[in-house]
Structures are given as C-alpha cells and as structure tokens.
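Labels for the chains are A, B, C and D, by order of writing; each one numbers its residues from 1.
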C-alpha cells in the first residue's frame, strides 16, 4: 500500500529572501516515487505558530511519515538531525519579532526527543546517490529545533505510529554570491529529500553504521 | 565557607600524544582562588571506565561542583556544553579498543540531561576576561559526551546538590603545527578554566543572555 | 565575427577519481553561445607536459581566448585567478610521480604574470547569474599554477593578442560524500564557465570594482 | 658580529582596536638573542605612507634584515609570505580613507617580488619550537601586500644586501571573543617572531622542504 510522506519547509527568515527548504518543498508537492506519495506544507518561521501549522497539516493529511526541513547556513551537507532539545535560545528575532532566551518549548516536557526517522540509513542512501550527507547532533536552538521538538512531542502524545524528524539543508548557490559560504544546488537538495522520504517510508529499522556524523 | 571544585581531564586519545585537557588540569591541581579550592582527577579515555573514575573521585573529594574537561579539536573557543545525550556513537576506538555504535549509555535513562553549571554566566565572564568562549549545544557522541551523560545521571541519583557539567577546549598550538587547525594557548585555557570554576562555585543562578552560543 | 574560446580541463589527480574541471569541459565541447564558439582540450596533471599539451592546442585551434580550468578542493566559489607565480612547490606527486620543490617553472622568467582575462568583470557577471564567484590571488604552487604560468609565458612570447588565464572551481558533490568539504553542482560550474567564456570573448577592458576577491 | 633585525608592526585598522602585530613588535623592542639585536618601528596602516615610514627606519637603523609584520584575521598560523604583487585592491579604506581599486603600487614595477627571507627555514624552525606555521602564497591586496611590495622594491634598488620580507600573524584571543575566529596567544606570536628573526639573521640559504605551505 502506498505510503504518504508529509514534507514541510520554512519561509525565509533573517536577511535571506529565499529559503531553500521552501523552494525544495515546492518542487516535491504531489510527487510520487514508486509507492511513496509526497504532500507538503509551507511553515512560517515563527515560534509556536510553526508547530501549530505542522500539527494541523498532520491532522489533515494523516501521513505515515513527517519530515520537517530547514536551512542551516554554513553546512556543506544534507544533515538529518538526531535529537531535539527542549529550549528556545534565539540570537535573532523570528518573523514575528519573538526572541525567546533560554525558555522551555514545552513546560515539564522531557529534556530531549530522538528523531524517529532512520537517520543513519537515510545518510547511507544519500551518500550512495552521490549526495553529501551526515547525521547532525544539534539542530540549534532557533525555530528549527523548536518545530522539531514540538513535532516529536505532538507525535508521542497523539500519533506514536507516525515517524517524524528534521533535516537541515545548506544554502543554495544564489544565497552565497556575496559571502563565501558553502552551498548545494537546489536539484541536489530536492533529489536528496526524495531519497530521504523513500528511505523513511520503507525502512523498518535504522541501520547501525560507523561514521556518517558531523564531528 | 570555601567551595571545592573537582576538575577532571582526559588522557590523550587517537593520534594525539598530549591532551590539552589533562595538561590544563595538572596546572590547576591544588590551586586556590579566593574561596574556591581546586582538586583534580585524570580520566582514561575509555567508555564506562571514565564514568567510574569520576564518580569515585566525587565520593572521595565531596566537591560542590564537578567540571569535566575534554578536547574538541577544530573549535576556536572554550565551550561549556549545554546538554548531554544518551548515545555512544564512536568513529574511532577509545583507548581500550571499544567502539560502540548507536548504543545507549544508560539503558532506560532519559534521552538527555542539561548541564547544571551556569553555562551562560561562565561564557559571559570568560569573554569579559578576554577569552574566546561560547555555549555549545553538542558534546558529540564519543567519550566526552559519554562521561558528561554518566556524570549527570550519577549526580541526579546520588548527589543532586552537586553542580556538574562539561567544558570542551580547543587544541593547544603544539598539536597543530602540521594541520592548520585552530588552537588556544595552554595559559589561556588554564585561566579560562579558573574563571569557569569560580563562576560555577559562586553564581547561584545562570543568567539569560542573548547570543554566546555556537550556531 | 565569431570568437573562439579554448577551455582546458585537467584529468583527475591525487586520491580523486574524477576531476570536475574535466567533467565540465567535456560538457562544453563544441557549444556555441551567440558569437562565441567553445573548443576544449583535456590536459594531463603533469608538470611541463601540461604546458606542452595546451600550447599545441593553441597552435591547432588558434583561439581568441584561452581559459585553463582546475580543481581547488575546499573552495566554495568559482575563482578566476589574478596572478601566476614562477615556482613549483608540490606537496604531492603529479600523475607521473614528479614532485618539484621550490623550483622555477621558467629559468630567468619573471617572478609572476597577470592573467589577461577580465577577472573582475567575469566575477561580476557570474554573481549576476546567481553563481558564487570571487577573484583569487593565489593559484597555489602545484600543476594548476604551473600551467597558468606556462600559458602566460607562451602567450607573451608567441601570441600576445590571445587573452589567457586560469579559473579554479570547487569540488562537485560526488567528491564530498565522505569529507564535509564544500562543493558546487556540475551544472552550476558548466553554466559559470559559459558565462566566463562569453565575458572573456566580448569585454574589451576589465572593470574596476570594489570587492569580489577572496580575502 | 651581531646582526641587526628591524621588525615593523602596523597600528590597528578597520573595526579592530588593537593590532597584534604592533603588540608583538612592542614586546620585541631592544631585545637581544645571542648575536641578534632587534629594533622596531610602528607603521601606519596607510597606503604609501607605510612604505615611507619603513624606508626611513631602514635608513636610520641600517639593519641586516627587515621583517614587516601584519595581521591576517582568520588564519591559524604564523605565515611568512612568499611573494608580493604589484596591485592595490582594497575592500575597506585604510586609516586615511584611501581605497585604491586595482591600481599598481609602483608604475612600471615588476608584477611581483619574492621575499628574500628564508621562508621555508623559518617555518621549519617555528614548527620545531611547537609554533603553528606555514608559508603563504598570498599577502592579499591591502596595505600588508602594499608595504611588502614597496619594501622589496626599495631594497632591490637601494640596498640589495639587506634581506626583507613579510610575516602575517593571526588574531590574538582578545580580538575573537565575539566572532568564533581562530587566534594565537600573544606570547606565542612574540616567541615566533623571535625565532623567525634569528633564522633570518643566521641562515645563509633557505632550505628546500616538502610541504609547510597553506594550500
């Protein structure tokens, strides 16, 4: 039976006028790969509202897997995140001028949640496809980690059968013409998210593999 | 009344023949700063044994604060760690050839523990002293994170009145003559650990301050 | 009247099994852009032989412009080189096991030659096309700089009406799956070399523009 | 017979309020190491004036060796420069608001001058002393390269028996508390310049050694 994967992408934040996460997600809307169907959702880069938008999309689409996608400027690889932590600590305001400092995302929530995506297997298949990838051990403390934590908290309480997690992606070249930062082409990112979605929909258990992590 | 701070440092691992953590800790043994007394412990870079050595040192010294120190090659700053996660995922063997892959440190332990050191305040005072510093959100998945998690787990169960946490330090210059990696002088590191120890012994609560974190 | 641009690319060297310069050059063979015709030449990564192969290609094709292309692993941008220096200083052997240390390329040659390509204008147009680019002030001291110097020395003596120079390009993603180095997609590199070729064929003088250089 | 080494350091420029070159040079004033005597000169970070100040100091002190020292923010090592190029291309104004773009330093001067310091031997001895060091192939296109070129041009014409060259040094830790850039302690930099001065005064010829360069 076909599996449904919900992929979400943030709108641009800070000084950026595009967000590669959103650009990539737009290109994936409605795509089908063998038995995997992709649905997508644009997400505002706003604390709390982002969680609300994603949980509503989950209730609407009833997916088998949820993959939230965000930009990690400065990274060179596609990086599935291993763990979400229960803290907001923002160095810049979000898109509605919220800037929480060292606040819990969910009062009395656990310190952290693991991703329930098969992160090592996703990295393994991304590399086999010639796409730079690594498991990351920190999603930061801005809206990306916030949504990731909120997603895992929601799924634990309301839909533990749904797999969920977060993938950070690099800048695209258009964003780096003036700053010497690394980038990855949009086509490569789209292809990478497709690979990740198919792996997440089909692999029953994650693999144990040496390496494949950012140090 | 004088406060006692236990500072621990790992012996060298991998290709390195010195560990700046150990070199710094040796220079701090027995030092007193106003009302703060430093005691130290050398720790083997070995999974599980490292936790055992540190908990025995805690039982022996009965400190007010425990700060474990390890090397994070490639970093430019002194980085107090915010959170320890319950996973061992080693890219190289430890000093007794153990190389756990994606294993829990403590079965049925929580996903993560927060440091109970005042990490933002330590960074604030380090910077005031002219020493590069930032809060880090990932201690990795090797023996450093392992010991950090084991320490917090031990303190939670056995000595919740003792503050504990982990600080990563850069290479020292001697380690980087052939590799173009950043370094920080041993004197600066020793001074930084002294500042961190005094802050941890005396600050009742951490401050909330924008920034001061590695992105 | 149509202009002819000769673009050359090195074969793989060291541990790499592809060279993005060669891959890009293959895709440009025979292409025409308005009044610009591209011809190409594969070049062995070998001291002296590389110069011989390129000068023979110049004599055969009688181009208006010569652009030699090589890989600069670790860079994030397409980087036209400003200056070639008269020294070979190899950290690894070339593809025929030559490893000259601090030797002149041309005995009694000048210390350095400027590129005669419009490097600032190329960078300006690359950025306008959304492609990360910067002028570089060092082509290193391996076969890339060697060929660049040899090319400029040949053109000065034999064909001063022909414009010539060197462009370094980053790794492509396939080369970086295991090493966390930055990369740029092959399509972006090919598009960038096309832009550079058209600018080099048509711009009579270089522009003076602030910035656009690697620091 | 004692050798005299003139070491010069720039005053702060741009956003910086200290210049580690000047701080280091102050500590070296009047020092003697065996048969080597150090004299020093502060230099304004200003195009052309900097050359004038250094040539006047040469005429006053009549040294055997001249080593100009400047800051290269972002580097991790002490880097003797191999070559000076005949171009000013400033991304920020100097301390008197001059900002030349792609202008020759010396009209009709050669494209470049080699350093006449034994750069490989200096790097070799710096590493032996445990100090991170490498030969650099680009001094940039701001006032550092400008002074380096002006120095070599002056020495060629007026005092070819005097050795001269340029050494770039990293930030010191005080400059990096807010920016995650690498640094090197002032004591290490001072020790490194002392080693470099003694090597430059005593080694008759440079060595040929594999490696020791920034890629």
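The definition used in the following text is that a residue touches a chain if its C-beta (ideal position, glycine included) is under 8 Å from a C-beta of that chain, and two chains touch if they have at least 3 such contacts.
The UniProt protein names, listed by chain, are A, B, C, D = Pyrrolidone-carboxylate peptidase.
On a predicted model such as this, the values are computed, not experimentally measured, just so you know.
*Asks:* Could you tell me which chain lies farthest from chain A when each chain's centre is the average position of its Cα atoms?
*Replies:* If we average the C-alpha coordinates per chain, D ends up farthest from chain A.
*Asks:* Taking the mean of the C-alpha atoms as each chain's centre, how many Å separate chain A from chain C?
*Replies:* That gives a centre separation of 38 Å.
*Asks:* From the C-alpha centre of chain A to that of chain B, how far is it in Å?
*Replies:* 30
*Asks:* Measure off the straight-line distance from the CA centroid of chain A to the CA centroid of chain D, and report it in whole Å.
*Replies:* Whole-Å distance between the two chain centres: 47.
*Asks:* Scan chain D for residues touching two or more other chains and write them down.
*Replies:* If we look for residues of chain D contacting two or more partner chains, we find none.
*Asks:* If two chains touch, include that pair; go through all of them.
*Replies:* A-B, A-C, B-D, C-D
*Asks:* Once bound in the complex, which stretches of chain A touch chain C?
*Replies:* My answer: residues 76-77, 126-127, 130-134, 173-174, 176-178, 180-185, 187-188, 214.
*Asks:* For the complex, which residues does chain C have touching chain D?
*Replies:* The contact residues of chain C facing chain D are 74, 82-83, 85, 87, 89-91, 99, 101-102, 110-114, 120, 137-138, 140-141, 206, 208-211, 213, 215.
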